[in-house]
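Structure first, commentary second.
First chain written, first letter: the chains are A, B, C, D and E, and each begins at residue 1.
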Amino acid sequence: MLSKVPRKRIHRSKKKLGQAPGSVVYTGERSKEKLLIETFDYTKANCTEKHLNSVQESFGYKSTDSITWINLNGLNYVKDIEALGQHYELHPLVLEDIVNIAQRPKIDEYDNYLFVVLKMVYYDKNKTIVSEQVSFVLGENYVLSFQEAEGDVFDTVRDRIRNAKGRVRNMQSDYLLYTLIDAIVDQYFGVIEILGDKIEDFETEIFSGHIEEDASRNIQALKREILRVRRAIFPLREVLNRIEKNETELIQRKTLTYYRDISDHLIQVSENIDIYREMIWSLMDMYMTTISNKMNEVMKVLTIMASIFIPLTFIAGIYGMNFEYIPELKHRNGYFVVWGVMILIFLGMMYYFKRKKWL
Amino acid sequence: MLSKVPRKRIHRSKKKLGQAPGSVVYTGERSKEKLLIETFDYTKANCTEKHLNSVQESFGYKSTDSITWINLNGLNYVKDIEALGQHYELHPLVLEDIVNIAQRPKIDEYDNYLFVVLKMVYYDKNKTIVSEQVSFVLGENYVLSFQEAEGDVFDTVRDRIRNAKGRVRNMQSDYLLYTLIDAIVDQYFGVIEILGDKIEDFETEIFSGHIEEDASRNIQALKREILRVRRAIFPLREVLNRIEKNETELIQRKTLTYYRDISDHLIQVSENIDIYREMIWSLMDMYMTTISNKMNEVMKVLTIMASIFIPLTFIAGIYGMNFEYIPELKHRNGYFVVWGVMILIFLGMMYYFKRKKWL
Amino acid sequence: MLSKVPRKRIHRSKKKLGQAPGSVVYTGERSKEKLLIETFDYTKANCTEKHLNSVQESFGYKSTDSITWINLNGLNYVKDIEALGQHYELHPLVLEDIVNIAQRPKIDEYDNYLFVVLKMVYYDKNKTIVSEQVSFVLGENYVLSFQEAEGDVFDTVRDRIRNAKGRVRNMQSDYLLYTLIDAIVDQYFGVIEILGDKIEDFETEIFSGHIEEDASRNIQALKREILRVRRAIFPLREVLNRIEKNETELIQRKTLTYYRDISDHLIQVSENIDIYREMIWSLMDMYMTTISNKMNEVMKVLTIMASIFIPLTFIAGIYGMNFEYIPELKHRNGYFVVWGVMILIFLGMMYYFKRKKWL
Amino acid sequence: MLSKVPRKRIHRSKKKLGQAPGSVVYTGERSKEKLLIETFDYTKANCTEKHLNSVQESFGYKSTDSITWINLNGLNYVKDIEALGQHYELHPLVLEDIVNIAQRPKIDEYDNYLFVVLKMVYYDKNKTIVSEQVSFVLGENYVLSFQEAEGDVFDTVRDRIRNAKGRVRNMQSDYLLYTLIDAIVDQYFGVIEILGDKIEDFETEIFSGHIEEDASRNIQALKREILRVRRAIFPLREVLNRIEKNETELIQRKTLTYYRDISDHLIQVSENIDIYREMIWSLMDMYMTTISNKMNEVMKVLTIMASIFIPLTFIAGIYGMNFEYIPELKHRNGYFVVWGVMILIFLGMMYYFKRKKWL
Amino acid sequence: MLSKVPRKRIHRSKKKLGQAPGSVVYTGERSKEKLLIETFDYTKANCTEKHLNSVQESFGYKSTDSITWINLNGLNYVKDIEALGQHYELHPLVLEDIVNIAQRPKIDEYDNYLFVVLKMVYYDKNKTIVSEQVSFVLGENYVLSFQEAEGDVFDTVRDRIRNAKGRVRNMQSDYLLYTLIDAIVDQYFGVIEILGDKIEDFETEIFSGHIEEDASRNIQALKREILRVRRAIFPLREVLNRIEKNETELIQRKTLTYYRDISDHLIQVSENIDIYREMIWSLMDMYMTTISNKMNEVMKVLTIMASIFIPLTFIAGIYGMNFEYIPELKHRNGYFVVWGVMILIFLGMMYYFKRKKWL
């Protein structure tokens, strides 16, 4: 289970080592997905939604005045992506990056388009965290988006375009990109909520004292999860930073306010992640303290048992000796006197331990 | 108790996920509060104080020359806030942020107003720390303030406006905003004072050696409290920083001196929080040391008891053997000689442990 | 003893909460001090030294060509300070800061004067560290200084003014301010020397192995002391930084060289403090190691005693059994053979522990 | 094995101490390598590949219009390198740096060439990590490369030049340098993949609980390896940063996009290294926890055994006493009653330990 | 031994407290050194080397066209230094700094000269690290150097000047300063080599498991040594940084390349020091782990011995009871049966411990 994490991160090295720069090679594992292309073409007044069979069908949208969103699912269809890229005059390195799913979130500015890579982060059915790459190309009147496979967080966006809800139909392509990124960032909140719940569960477990045996392992795994989420989300802040400082005409001044809003959300998410990190370190500390307290308890029981019975056993040993002349043994009440002494010692010990607060 | 913290932080995700950007949705829990609107309208000479029944009654103040403070309590009255927002031409994202109580302290500059979000931090009746969001909109001749519910720290400000105490009646709206923020920052001092007292109490407890069983849990909880206060207060420094570097005409040069003063106070508060953080880490260390010292004490008692009586019991065992021919047993004084030997061993041990400083 | 530290830091909140900004309220504890005003008025040729009874007597110096140093002791004389402030046209916030002794070292630039706050740090008679606030106002031909009470580090400065030693009588007010700050910074060296000695003493104690019981508490207290000194001294670096970059005409270019010299000293002090911090963390580590080594020694003694005598006692137990037929018991030399076996076991154990280096 | 690391790093001091600056002295250990010079001279249309016997044969390429790559293996041939350097007018310090293999990755800009030093990092046959220095000189129409010995990662580059694959034959010398650096950075991915595998192996080992005795030593060694890789790779980021901000005409604007791509890869590698660092610290923690859990288990067994049998042995001791009058001893069923009592105590103990979850 | 370190650092405070700024007071301990002045005066063609008896003899060199290096040993000769300073028009603070050996490495720029302070770092005969201050004044045609006592690292420089080796005779005074600083930095490599060896020795010791008793103390001492070296070397990076960015005409553009070379070396040294720091922290960790592993071994022996013999002794105790009716005792083979049972228990225990891997 754990082994997937680092291997995925470095896939690139395996498939691409020694390839000429700019080679468009898909580095992911989902090579059996179907190609899915959906397009939204809209103006303030109209909206056309289509599912295409080939990228070529989408070429017509480039020269229209309407805003077009072309969403391509299936990064293994390298040929189609290259065709689309050539039509939209994308740089070879952009195409390489689109299909190389080990990208770090980043923004690259080209002469007449912006290239943005980021990560959708979510928990899949097996409750393991998944970070899936999504690339965007923002042109003057279009947004291209590229995903590994079907299934995403853009349904609310589709809904708003179809039904002209909100501002999206009145705005340009830069606003469309904003709504798409916003949908992704919104999902981060869901992820950190789950992380928060997990940390709380640990906290409750540790506070209750009934710690499961593999607690330290689970804490370790959670640490790693936080590391992965952090890694997918943190570079995005820089991306947005660069958008905000951007002087390109592709993003209008009035839309910048909206990007600033995503920035705020991202900082919020980042802060939470950092707090979680700090909390989990504290939890590990708590765990160690709890373990060490339990150990102390064990030691106390041992000390008490041994300290009480060792001297008593010694006394019994004394009168178990076979010397011919031991005066006490002749005494009629010797046995009872010895019992008395033993009980006194016992009580004295108990009192001592009580005072030491070991009982 | 603990579970509220993270859940509150991420409320947004639950109520707002998938909403179009700019949707004005209240994300807090106090949906049953009454709407309370109070207005102060003053010039150097006069001051009118009113409690309004609807936001519409306040619309008249916008075009007057006097300074107006409109203070709205009840973020669940979304419609009223939207009405107010439209009248004062506020950006939809501003309205969204006002009612979304999970904001981070921030400042947004718009063409003819400033939007400032910050947090009141205080201990409530249950001694749990509460951070409540307050939003301000600063216009040329007005300040709008938005709070979740009635009850705030602005009474001294109201008093000064009514009775023309201090400079407030002679100054513009930027100075009014300053006094409001200053009142909030002043309260932070009260909070860190309580935090300081709590840390001292722990210190005394740990130094005294009589540590309660749930000490580590309480330290943990305090760490968390400091984390929360830090989180509410630290971003405000950046807000003030941006005000100080601001070139807007909304805040006059002579008022900047006052904002710089708040900055100084904030740095003081921040420094204290950081010192508390460092101290609490040290405390945890101290706690661990104390625990480990106690353990040592337990081990010493065990070692001493066992080391003394184990050899003595062995000797007793020797003469408890049933060999037919054990010469010592026949001796008339054998028993007493053995006692003598045992006492010598005992004293030798005692001397050894004394020298080792274990006694 | 410890409780004073944080309470002092946050005094302001108690006395000043809810006051209008700019209210001049003394926040210290020395409300019974006498007012002491001393003035030095000098030119290259002459020097007049006076002790005044009221601030009003000092007003004449403002318009002279000579350099004047007015040193006021007694921050509880708020009225007098306000009078002085009005005469010298100081901003209300400056007056507020002068009497609020919880200031952080800082510099504020006003149109025709500089306001500098810093801390004298020294060990008082009770060997506790004290940081006392000193405020300076630097005007074109005067320096005002404000202290809580009589007694300071400026005697060498007074001496140099009186006797025209060094450059001070040939220079302007900016050089006078420099000599005053230099005297304060010089004292920091004395403080870090004492801190250094304390750390060495701990080091010697821990290396010697004879650790006192409250060692961890003392280390903790020292950590705190370093924290306090750090807090009083570090912000001063920024103050000097801003002086060096200053473009005000109040500080001349040729005097800047001298301020840079203080900067160098401060960096030296700061570096030492940081080294001490690191050393004290190391000491705590050493302490823990020493404790844990002692524990090991205790455990070894227990292990050796128990491991040797437990099997021997078992053998004695065997022959203490009352079976009717135990052949060995009948043997004439049985008892001595058993002794022989026991001694062999004992020697074997000793050899084993020697080899393990536990003895 | 370990001793090589620091000694290698500081070789320079041994061979070069006291040499005049600019002395060209080889500081490596491979003084018996053969000199190998290979050249690629190509235009869009043609490509000539040669293996030269002396550097002098390469001098002709300098003045041609074609792009030339001269790759020299054998840094111990100081004379040849000096000859080449003089021909290409390299600064004496550049020559000194080429043969001093303890360089940090860096870039130096000279009037008509760029000098870049970086490190190839790979695992050799003995599974120890090796970082080998490669220096590049980029001129207008040539790239010189210098390596310690034969064997490198440039085969794919050679292949692409020979067969005109990719863009390399259509571009200038700046693109050639890019492909060479890219080949080196590509190999870093292989190294971090192995590091990742090693960390996983440790993780599996620690999670399984069957920890080898020298685990802590191996973790320590891995920490060191990561440190070395980090040291070889991290400064390269700065090198690329400076290339990107470079205003030299040696690197064309359109090639910069490619360098930015290496930058992205480097950041990815760096992030992985930092994650590995964090993970290995966590592993050490896990290891300590596991050790301490094992210790607890040992202590529990001891406590249980001792706590159960110590009181039972005491009871047996009681009735082993030789008092003349012990009433119980006369009882016909005394022996069985005592057995009964002992079994009850035994069961009581078992129940107690079960409830404490120590069993 | 240890006590010298901090005391030396803060000497200044003792001798200089309360002195007027600019007082030239020697703060070191070597007050009995002889004054040694040597001069090198050279042009491309000629070189005169002299040992002078008084500083006055050197005054003639100031106005010549040749390059002059005046090297003064003996900072206790304050008068002579002041005389030299006046002749070369040095600022009083420069003179103060030359004889105050507690300076931090720094550079001060004056109108017609540069003042540079740095530290020679070396191990003396007692294997303790020494950092000795060297000050340089760089004028247009001269370099003044000031050292505490005879004996330095400049012999190779002298040799090169005398014999016109390398470039030094062809260059200006800025290059002379470079060679002097380079000689000092070269020596740093020797120091870090020794530090590296020490760390390796510890590593070997800890890995071998035969740890000396004072290991933690020695590690502590090494930590401190690294701290001291770091402190002497790190500020020099900033000094060189400022030289590189310098716009003074005293250092020519073509010489800057050489200074950049020192910078590279310094970064290399600094990186090594930081790696050593990290390694020594790891070593401390390793040490703690080793100690704790040893402890575990002790505990295991105790547990095994006690767990095996405690139940056996109990059985022996049972049959040592004196009940009148114990049926087993009458049995002819009872004794042997009991032995059998005991051996079975013993074997069972051994098997259990083997399986637990405690044996």
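We adopt the following convention: contacts are C-beta pairs under 8 Å (C-beta built on N, C-alpha and C of every residue); 3 or more make two chains touch, one makes a residue touch a chain.
Per UniProt, the chains are A, B, C, D, E = Magnesium transport protein CorA.
Remember, it's a predicted structure, so these values are computed and weren't measured experimentally.
When subunit C is laid over subunit D using CA atoms, the rotation angle comes to 145 degrees (nearest 5). Distance between chain centres (mean CA atoms), subunit B to subunit E: 43 Å.
Computed from the mean C-alpha positions, the centre of subunit D lies at a distance of 26 Å from the centre of subunit E. The multi-chain contact residues of subunit C, meaning those touching 2 or more other chains, are 292, 295, 299, 302, 306, 310, 313, 317, 320-322, 326. Contact topology of the protein chains: cyclic, one closed ring where each chain has exactly two touching partners. Tracing the ring of inter-chain contacts outward from subunit D, first into subunit E, gives the chain sequence D, E, C, B, A.
Put simply, subunit E touches subunit C in their complex at residues 2-3, 6-7, 9-10, 12-14, 16-23, 91, 93, 102-104, 106, 108, 216-217, 220, 223-224, 227, 231, 284, 287-288, 291-292, 294-295, 297-299, 301-302, 305-306, 309-310, 312-313, 316-317, 319-322, 326, 328-335, 338. For subunit A in complex with subunit B, the touching residues are 155-156, 160, 165-168, 178-179, 182-183, 186-187, 189-190, 192-193, 196-197, 199-200, 203-204, 207, 257-258, 260-261, 264, 267-268, 271-272, 275, 278-279, 282, 285-286, 289-290, 292-293, 295-296, 299-300, 302-303, 306-307, 310-311, 313-314, 317-318, 320-327, 356, 358.
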